[in-house]
Every structure is written in C-alpha cells, then in structure tokens.
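Below you'll find a set of structures to go through.
Presented sequentially are two complexes of chain A, the first with chain B as partner and the second with chain C.
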Partner chain A sequence: MSAIQTQLTTLLVTHLGVPAERIEPEITYQDLGLDSLALIEFTMIVNRELGTEVGDDQLLAETTIGETVELIESQGVRA
Partner chain B sequence: MTGRAAVLTGLGGWLPPVRVTNDDLARRLDTSDEWITTRTGIRQRFVVPPGLSTSGVAVEAGARALASAGTERVDLLVLATSTPDHPCPATAPEVAGRLGLGEIAAFDVAAVCTGFVYALATASSMITAGVADSALVIGADTFSTILDPGDRTTRAIFGDGAGAVVLRAGDRGERGALLGFDLASDGSQAELITVPGGGSEHRSQGLADPGDEFFTMQGRSVFRHAVTRMSESSRRLAKDLDWPLESVDRLVAHQANIRILTAVGADLGLPEEKVVANLDRVGNTVAASIPLALTDGVHDGSLAAGHRVLLCGFGGGLTWGAAALELPHLSVEPLPTHA
Partner chain C sequence: MTTPSRGAVAITGIGLVTAAGADTRTSWERVRSGRPTAAPDPQLAGLPVDFSCRVPDFDAGRLLGPGSAWRLDRFTQLAIVAARQALADAGLDPETWDGTRVGVVVGNSLGGTATLEEQHRRFREDAPKSVSPLMIPMGMSNMVAGHLAIDVRAHGPSMVTATACASGANAIGVARDLLRSGTCDVVLAGGAESALTPATITGLTRMGGLSARRDDPAGASRPFDAARDGFVAAEGAGILVLERPEDAAARGAFVHARVVGFGASSDAYHATAPDPSGAGMERALRAALADAGVGVGEVDHVNAHGTSTPLNDVTEGRVLRRVLGERPLVTSTKGVTGHALAAAGAIEAAFTALALRDGVVPATANLTELDPEIDLDIAKETTARKDLEVAVSTSLGFGGHNAALVLAAA
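== the complex of A and B ==
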C-alpha cells in the first residue's frame, strides 16, 4: 500500500467512519457508501490535511481510491 | 467597554400554515424521506398558501418580536429578503405600514441567506451612529415562490418563514448589546447561487429563457464555501472580541443543512450541544433562518440568558458574516406548529 493510500485510509476511517478493511485501490466511493456531500466533506478534509488543491468535482461516486492516490501524487504531494 | 450600542430586547418568528413533510414530497417527486433526511437533516418545511407573500409572513414575525420587546413603536425597520413582494419598491415600507409603525425609515437588505446578519449589522450601526434609537429587524423569505416545482433538491431544502428582533439604543456593557460584526462577499462566485432571470441583466439583453425565473444552486461548491466561510467569519469575529472559541456557549449558524452545521461546529471545535439546530422542523428558510433558530432555541431552553452567542450566515452573492452578543433574558412566543 502506498503511503498516500495509508493516509487516505486514516482520513476515511477517522472522519467518515469507513471500515478500514474495505478500503482498497479498486473500490469506488459509491461502493464505500459515500454520498455526494460526503465526497465534498472528504475533499475538504484531504485538502486541509494533505495540503492538496483537489477541486469540488474531482472526487466523484465512481472515482476509485487508486485514482485518488494518483490525483494527489500528480499534485506533487508525497507522504 | 462602554459606549452607545444596539441592544436586543425582543425576538419572534412565524411559519406559514402549509406543512410539507418529506413523505409529501416523495409522493410528487422522485425522492424519499430517507434520501432527504440523510443528506439535509430536514424532515418538514412550511410554505405559503396562495395569496400569502413575503410581506405577510414578515408582518406576523414583526408583530411577535414587538410584543416580545413590550413595545409598539420603533423608528427604523430593516427587512432582509431576496423574495420581495415586488422587484420595486422594497417590501419594508409595506410591512411597516401594516404593523402600524407610521412613517418610519424602512428599507430592504438583499444578501440571501446572509441577509439577517447584514440587516442586523445595518440596524445596529444606525443605532450606534445615532440615526435611530430603536429598530425592528426582520428576516423573511418565501422561496417556495421561486423554486422549480419539479426540482426535488431545492424543494426538499427550502421552506418559507420569517423571524425578527427588536433593538434599542443602550450601552455596550449591557447584556444583549451587539458587540461586533464580520461581513464579507465574493462576487466572482455569484453564479453558484442565483435566479438567472427576471432582473435587469436578462431584460436588457431581451433574454427570457423558460425556467430562468427559478432559483438554482450548485450544491457541492456551495457546501464547501458555506463550511469554510462560516467557520472563518466566526473565528475572525471571536478573535476581534478576544473571545476564545471555547468560551462561546452557542453557535447559531444559518440553517442550511445539518451536515454543514456539523462541519462548521467541528471546524471551530464546538461540541454538538453548542450548535443550535432547528432545520429538521423548518428547513432552510433563507433570511429567516437565524432568527427562527434563535426563537426555537430560546423557547426550548437551549439558548439562555448570559450565553455568549455567535450568529453566522452564508449565502448567495456570495456573502457571509457573523455577529456576536451575550444573550439577554427574552420572552418569546413559540413558533406555530400548524399540526
């Protein structure tokens, strides 16, 4: 697991109550049970905690954890 | 600190008689009680019947606030609304006339969901400056009249209503004195919350697209801005007043969405019991939301005399702002339940 994925996992578990064992690169936010507002809440948390600039429409229901890791790494953030 | 200040002496609110539950909406639109409740925290809202408009709900709330203050006279009326009875003139003079307040100064303030905070700052400043000795500040909106009847999202969120406060000139050291304000706007984000048509911009272009008279909102971006801006404004005002955030007893924020309220509370480090919420019963009532939450909170005891209270709002414009006071003793009539 990449360091970024570990951080995302921690944020999803602590802030949104997602069970850690369900988080894997191929799973989508929809499969994790996050609705559209939860995705905005998560975007705000990620930007605050990781210093990223993820936009309001970048994390969607069909976005996977793996794609989120790539997005964050593309912004030059390394854990 | 001493000096002339506006002091809160009366509070009241009113809801129109047509109650719309989530199940009522689910019978007509593709939605459900579960969907609405989990995403908004709203279980019911009240809307105006045909023939009742913003002036009517404003008069009801204004009368209750005047009774709460034990007065029949004020020399200023400021009405916060973005659903005036007419594009021209303002609705406030009509409301003043129907309340029997005579030929007093009366005007509208348009700042959408931040309207009440803006109107409160305006009236408070006019009292502090000596332009007026007392004021009735009303937040009133009837958004049901500008919603797309087929839009399941906005119809689930918004309700109609009015809330009002009475201010009088007093001393800054008195309990109930309005101690400070923080106001701001960002016009570059105006399109996030808008009624596109019906104003001079479209009229001058000869535009009249079907549906452009309806209210629209970009929910995801609005959610983020609402949380960020209300938190930032509250924090800035508390700092100006040398109030450590942990010394704030209650936050009465614009009742937009329970998840926005929860996020603002979390951002400010305020526990859930300090964040006043009544939107489950009334929905998002726009300019009425803060005084309606105050009325409910005082009535049910969650707001009490001596509490350090921060009020904060966020709305179209974009606009946002905050106000601070130590709550005085207030006697309020409960909001009608129309059960």
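== the complex of A and C ==
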C-alpha cells in the first residue's frame, strides 16, 4: 500500500467512520457509502490534512481510492 | 375505567435520553431519586454561566455507527437514539410495518447550533471553501424529523413543531390529531434539543433567563423555591410511540398511559415574558381538560413547566391553583433534569406517563422553602400515590406559546 493510500485510509476511518478493512485501491466512493456531500467534506479534509488542491468536482461516486492516490501524487504530494 | 377515552391515544413506547440518563429506565430512576444533574460544564468554562445539564455517557459513534454519527448534529443523534428505544419498548419493528401509515412529529427550537457556530467560525477565520457541505442539512431544525423518518422508515407525514419550550408538548398534540383523523396508525412524537454552546448560553444569559448560581450548580434549578433565580439549560430528547387504543389492544401492546386531552393557546402579549395574568396558560389548560372530558377537580398530579425562573413559577403557580384547586400533587422534574427547552414538554410528558404507570410522583429537587406567593401542594419528596388516574403536563414557550396535555392511567 502506498503512503498516500495509508493516509487516505486514516482520514476516511477517523473523520468519516468508514471501516478500514473495506478500503482498497479498486473500491469506489459509492461502494464505501459516501454520497456527493460526503465527498465534498472528504475533499476538504484531504486538502487540509495533505496540503493538496483537489477540486470539489474531482472526487466522484465512481472514483476509486487508487485513482485518488494518483490524483494526489500528480500534484507532487508524496506524503 | 372512569376516565373518558373519546379520542384518546395510547402511549405504547417511551424513549428518553436526558441529563438524568441516556435511557428511559436510568432517567426515571434518577428523577425519582431527586438528585439534581446540573454540574460545571467544561465547554462553558470562563462564561458568566458555566454549568448545564448534559446527557451523560452518550457515545454517538457507538450508538449510531461511526459512518452515520458524524453527519448528524447532536440534537438529531439524541432523537434517533430515543426513538429507537421507544420503538423497542413498544415492540414495533420498522422492518415489518407499513411505513406509509407511520408519522413523525418532533419538537425542536434552536436546530443544530453547534454545527452552525462551528461553520460560522470556519467561514470567518478560514475561508468559504472550509465550510462543510453538511452545514445546512446538519443545522436545519426539520432534519431531526427527516432523519428520524429515514431511520425508522416512516413514510407518513413528518415535521417539526417549533414553539420554543412548548415544542415537545405541541408535537404530541399534533401527533394525537394525526391518529384521531386516521392519517396515521403509529406516530413517533416528542422533542429534541442540544444547544449548550457558548454562544447560545451567552444569549440566554444576556436575556436574564439562566440561574447565575455558579457557586452551587447542583442547587441552581430549584422550581417553586423562594430562592430560585433562573433556569439551568439542558439537552435531551424524549420520544413517545403513540397509537389508537384499539390498535394497541389488538396487537396486545403494553400501554404506559393514555393521552386523553390537549390544549394550546397564545399569550399574544410579549415575545419572551409570560402574561402575568396567566390568561393564556389558563385557556390552554382549560381547553385540554375540556378536550379530555375531565373536570377541574379530577386532576391528581401535575408535572408543571416549573422552570425555576422567578416569573414563570409564580405565574404558573397562580394558574394551576386557580384552575385545579389544591387537589393535585405538583412536581417539576426540571429540578433534576434542568430545562431541555424544546425537548422539555416531551420529556415531561414521558415522566407524567411513568408517574401514572408506577403510581409515584417524583420530587421537585432543591425545593427547600416554597415561594410564599405559590399556593400549591408540591412534592418535596418522591411520593407514592397508588390511585393516580389523571395527570396534567404544562409547557410554556418564548413567543407566548402555551400547551397542556392531559394524561390518564392505562
């Protein structure tokens, strides 16, 4: 697991109560039970905690954790 | 059965999450013990009024699930937990009922104040982009009814009654009408409030409503006592399951007590001060008794609004004496629980039902010297009264909202 995925997992578990064991690269936010409002909340948390600049419209229901890791890494954040 | 039951509804489930305890049994035991719950509140440290009545041992993540709790303001969390208790008590299962016949009516006044204050802070101190998208759905008052409907799959009418400290009583009145009219077969009715934030407490302090007894928080809520100086703010939720008596009987449900009458009125006098004549409260009380078909001399027990403010208690005391005479044994359970604002009327309706069920009138905590202006028989100690048949619960709210419920033994 990449360092970024580990950090995303921690944020999803501690802030949004997502069960850690469900979080894997291929799973989508929809499958994790997060709706559009929860995804905007999560985007805020990620930007605040990781110093990223993810837009409100970039994490969608069908976005996977793996795609989120790539997005964050593309912004030069390496944890 | 001597008490008329035309239009009565049965209370088949009770859920309480109060400062006296996070469930019905614990709350009722604590209220009967007469031990106050007001205590220094770390979240209010440094304020002129730095004590309150908070619900103890309430772990929303454990009770509601960590994935759900963070999306709900605390007033909604308290209500959902109380509603689940009430449904379990009633022996009703949302998995099997026809949800289109189930309604939800919850009293709330101040909404998600903690959420709104925190998001306002972020807006001012950080940036608009740090404001949560859940600010509005967590903060809106009506969301307590909306979330409750989701939680129990109630597809009938759901709404919030907002009549300040009469909200919980009004909710039960509206619910009663939904059952009487045949609109619903089951209604979850009650109230919820959690507004113990520094800004809200400061607002109440600035109004002069709160007790300033900082050196003795436990003695601060002292309804009808000569030395009372204001109310103690509390949080909590009370939810009742209401059904028509014939439906309750048909499924063999236990009935705690019955709601046999409801009356409401408006002072139309002043935004926050009660009409000193008590005329509005008297109209609500007489309307409730007439609705119940109960004579003024038949009321055995009153769970009074009794906030512990100088003005409320003397005004209410005069009306109760004028209308009901010296017969009823009166209490104010706010001496133990503090004043849970919009939830108070529902919590106290629950305590009134439990008093009728168990034949016991709980003590008015901290009543050591009755205000000489108040001429009522008030329970200083918890008192067994096995023959309790009819009881009244009164609620008065800022805005001049008055409500009275008449309950009768099952």
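The rule we apply is simple: the second predicted complex is superposed on the first by the 79 of 79 C-alpha atoms of A that agree within 3 Å, B and C clash if a C-alpha of one lies under 4 Å from a C-alpha of the other, contacts with A are read in each partner's own complex, and residues count from 1 in each chain.
The rule is simple: contacts are C-beta pairs under 8 Å (C-beta built on N, C-alpha and C of every residue); 3 or more make two chains touch, one makes a residue touch a chain.
These figures come from a predicted structure and were not determined experimentally.
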Applying the document's definition of touch, where does A:M44 land relative to chain B and chain C: first, second, both, or neither?
both
Could you look at A:Q75 and tell me whether it touches chain B, chain C, both or neither (first, second, both, neither)?
neither
Between chain B and chain C, whom does A:D57 touch in the aligned arrangement: first, second, both, or neither?
first
Have a look at where A:G17 lands relative to chain B and chain C in the superposition and call it first, second, both or neither.
second
Counting only touches as set out at the top, which of chain B and chain C does A:G33 meet: first, second, both, neither?
second
Where on chain A do chain B and chain C both make contact?
37, 40-41, 44
Could you please specify the touching residues of chain A with respect to chain B in the complex?
35-37, 39-41, 43-44, 56-57
Residue numbers of chain B touching chain A in their complex, please.
38-39, 219-221, 223-224, 227-228, 257, 259, 263
Could you list, by residue number, the parts of chain A that touch chain C in their complex?
15-19, 33, 37-38, 40-41, 44, 48
Show which residues of chain C lie in contact with chain A when the two form their complex.
61, 65-71, 129-130, 132-134, 137
